[in-house]
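Consider the two complexes below, in which chain A is the common component and chain B and chain C are the respective partners.
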Partner chain A sequence: MSLPPASGTGRYFARAAKSIRLIRQGCTNRPFFHISVTHRRRLNSQPVIEQLGSYDPMPNINNEKLVALNLERIKYWLGQGAHVTNPVAELLGLSGFFPIHPRSYMTAWRNRRTERENLAKLEEQKAKEATTAS
Partner chain B sequence: MSLIFRRLARNNPRNIVTDAQILIISSRKLSLVPSLYDGDQDPAPKFFSSNVQILLKRLTRPDFNKVFRKRTNHGFSVLKTPSYKFLTNEELEEEIAKANEKADRLLQMPPVVKIQQHIEDVLSNDPALIGYDTAKYIFTDITFGVANEHRIIIERDPDGTLRSCDHDVRKRLNQAYFPLNGRKLREPLMFADIEKLNSLLDREKYEFVLDRACVQYEPDEPSYQRVTSITYQHVDSKSKYELLRSTRHFGPMTFYLTWHKSMDNLMLELIQGGAVREAVLLSALRQDIHGDVANGDVARTLAQQILPTPVQLTKPETLTEEDIQLDSKCVECIEKYITGTSSMKSQQELALQGFREYYQQLIDLSRGLKKAHGKQ
Partner chain C sequence: MLSQNSLLKRTWPMVVQCAEAHRKPRWVPVAKSKVFRVPKRPVVSEEERLELLRLHNNYKTQMRAIRRFYHEEMIKEKQTRESASSEMSQRLEAEEWARCVELNEKWNAQVAIEREERRKVEVNQLETYALKRMQAVDEKRVQAIAKASEEIKRQKELSSTFITPENLEAAIDHALANPTDYNFAIDLKGNKYLGRDTQITKPKEAASSASATA
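And then the complex of A and B:
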């Protein structure tokens, strides 16, 4: 099967609402996303208007997640009134192009909370083991 | 080297060579210490000044047979057959001018610049993002038509800091998104493994090493300067300058040796080869870079006289009176250099004496020929 066209083949209607979103491109168990602009009412499997970047959510050997952004074209589509989905807004927020998305802060403090809880549990367990041993 | 020893050890078990000994033997060859352009002084203004560029280009002594030699037929499915044409004098001159231009392009020297500084540019710091992710996020602006060095590449660290990436990461990502032909994403083994580099140098593949270093690295990278400085030192210690002549690497090598004031071996080779004019140019180059040559101003003015004369690739058979005058001036100039600044006085004096005797014979011969032909 040939790959779905990445950019430029989707039909374009000037007055229809646009959306900048992540479009999953990888294969099973290996996610990879294109950041693309497409019509809001269009499915992710359909051809897009233009690809604006890419996002690889799996860390590479240097423990980095790579994001590519065509900032010039993103600016253009924002100027055309394109809607930005939450995951893309989060990425743009982390990159410093947008203000940080509230959901990023939420994820951060939730992660911190679970870590705190895990630590507390560990300590509890250790205390229990110490009491049973003595 | 170590392989030979291992084989020796295998062949006669009585001769016990321990691993430790082998290690010592193989590490003795790594005595070349790379010296980078990382001091206070920036070599770039000196290297790019027109005086120095002209001197370096002349010292390369381009031999068109070598400049336009066939290297590989890589990229050509069919080799072009040479075409022979009858040309008028004007057309021939045009063709020669074209060839000169092409040679200039082929001999363009890789720049010599100061080593790069680390990029430490924190754009924002947001402690509320701690715990968002355990991996770094790296953002690359892939806007069309931006040069690699101006591209925006930034990273968001797990501790919430947003900062510009350092050179190694920038290079990796530039290569990932905008690959350069011939450059590898990972450092090739011949540069990463010092044993392999040494083996190449021992086989005198200097041009291959330097060409590949040019493709793989940027000129201000520490790795580039390390590899090239080791190569230059190896060439210098073996006096194999002839292998790099007529290539684009001879200029930077001469500059390197002169910058570190260790060009006396090159000077000796020039005098031994009878290229006194180039030897004067070399001392003028040192005067331009350091200004510590005994009679530097004389060398400089003499260099201005030498530059318009054609490059002497082979030893001349007959001499004109102007040649004799110029060469004798050159010999005087070099003599002063040897007594004043050189660090290899006795050898260079000996070589100069040899040249003088040879030159005297040549003068006698050409004057005798002139007399025999009945010219004054």
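And then the complex of A and C:
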């Protein structure tokens, strides 16, 4: 069975609210996402209006998570007033098309904080071991 | 009532996999062991909350600006498309058309020259081919005539032995005087004995001589 065209096969209603979102296309234990524009009230299992890109969340051998974006069409759909979901907004922020999403900042500082705490714990353990050894 | 046609024409499969099929149904109550469990709320410090608020406010403002920009661009584009029939664009289009026509004519002339050359070559080839065929046909005819004349010569030579009404009687007499018998017999060794009434004596003699020696 061939893949559906990127132009989408979903029915299009001009006045209905659109949303640019991630749509999971992978199989079990192998996530893969299409970045597609579809009606806001439509299920992810239903045909989309248009595919605007793809996102592979699993790092490849070069430790890269690949994202493809059709910026021209994203611009077009933003001009049409399409909404953008948070994950897609984060990706667009990291790609430099949007400002960085606050959630990206939040995860970054939270990760930094847990790392700092882990390091402190390790040092504490080392100090304890040193005292017991001496 | 669903009609057969509507079922056939449906745009997506009827069996839509539900993401929460593994959850328990809504009418099943909370488990006894979990009745008094109070889920732990995520703790967000005041500092972090204020920072997130600031970031979100900034982000929303910037996003609004971006959205407005793209929306206005879309409107502008639409307007330019609608005003494409203005005088300026018409003149530009006419110039473009003239340039295209000129280029097209140039290409056409070039192609015409090439075609003429190609046609000359093709005509030459055709002529040589036709001439070759004609020559072959002529040769064939000459050969056929020669063969026929040879045949005639041969038949003329043979005609001296033909039986004609004049010498018919003589031929009949000759045939009756010399009867020819084409019948013959073959023995086991392959010896041929011509004639119907020939007396066969040799094999008997051979057999008697063979028995005498044995």
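Quick note on the criterion: the second predicted complex is superposed on the first by the 127 of 134 C-alpha atoms of A that agree within 3 Å, B and C clash if a C-alpha of one lies under 4 Å from a C-alpha of the other, contacts with A are read in each partner's own complex, and residues count from 1 in each chain.
Please note the rule applied: contacts are C-beta pairs under 8 Å (C-beta built on N, C-alpha and C of every residue); 3 or more make two chains touch, one makes a residue touch a chain.
If you're wondering where the values come from, they're calculated on a predicted model, not measured in any experiment.
Asker: Put the two structures on top of each other at chain A: do chain B and chain C fit, or clash?
Answerer: Clash: chain B and chain C overlap once superposed on chain A.
Asker: Looking at the overlay, does A:A17 come into contact with chain B only (first), chain C only (second), both, or neither?
Answerer: neither
Asker: Based on the superposed arrangement, let me know which partner A:S45 touches: chain B (first), chain C (second), both, or neither?
Answerer: Once the two structures are laid over each other on A, A:S45 reaches chain C alone.
Asker: Touching A:Y105, do we find chain B (first), chain C (second), both, or neither?
Answerer: Both partners, chain B and chain C.
Asker: Touch test for A:N63: chain B only (first), chain C only (second), both, or neither?
Answerer: Once the two structures are laid over each other on A, A:N63 reaches chain B alone.
Asker: Between chain B and chain C, whom does A:G81 touch in the aligned arrangement: first, second, both, or neither?
Answerer: second
Asker: Based on the superposed arrangement, let me know which partner A:G96 touches: chain B (first), chain C (second), both, or neither?
Answerer: first
Asker: After superposition on the shared chain, which partner residues are touched by A:E115: those of chain B (first), chain C (second), both, or neither?
Answerer: After superposing on A, A:E115 lies in contact with chain B but is clear of chain C.
Asker: Going by the contact rule stated at the top, is it chain B or chain C that touches a larger number of residues on chain A?
Answerer: It is B that touches the greater number of chain A residues.
Asker: Any idea which of 8-16, 26-34, 62-70 or 80-88 of chain B is the one running into chain C?
Answerer: Between chain B and chain C, the clashing stretch is 80-88.
Asker: Where on chain A do chain B and chain C both make contact?
Answerer: 105
Asker: Hey, which residues of chain C end up touching chain A in the complex?
Answerer: Going through chain C, the ones touching chain A are 11-12, 16-17, 48, 52, 55-56, 58-59, 62-63, 66-67, 70-71, 73-74.
Asker: Touching chain C in the complex: which residues of chain A?
Answerer: Touch list, chain A to chain C: 10-11, 43, 45-47, 75-76, 78-81, 89, 98-99, 101-102, 105-106.
Asker: Touching chain A in the complex: which residues of chain B?
Answerer: Checking each residue of chain B against chain A gives 123-124, 126, 128-144, 152, 154-156, 162, 173, 176-177.
Asker: Taking the touch rule as given, give the residues of chain A at its contact with chain B in the complex, in rising order.
Answerer: For chain A paired with chain B, touching residues are 53, 59, 62-73, 91, 94-96, 100, 104-105, 107-109, 111-112, 115.
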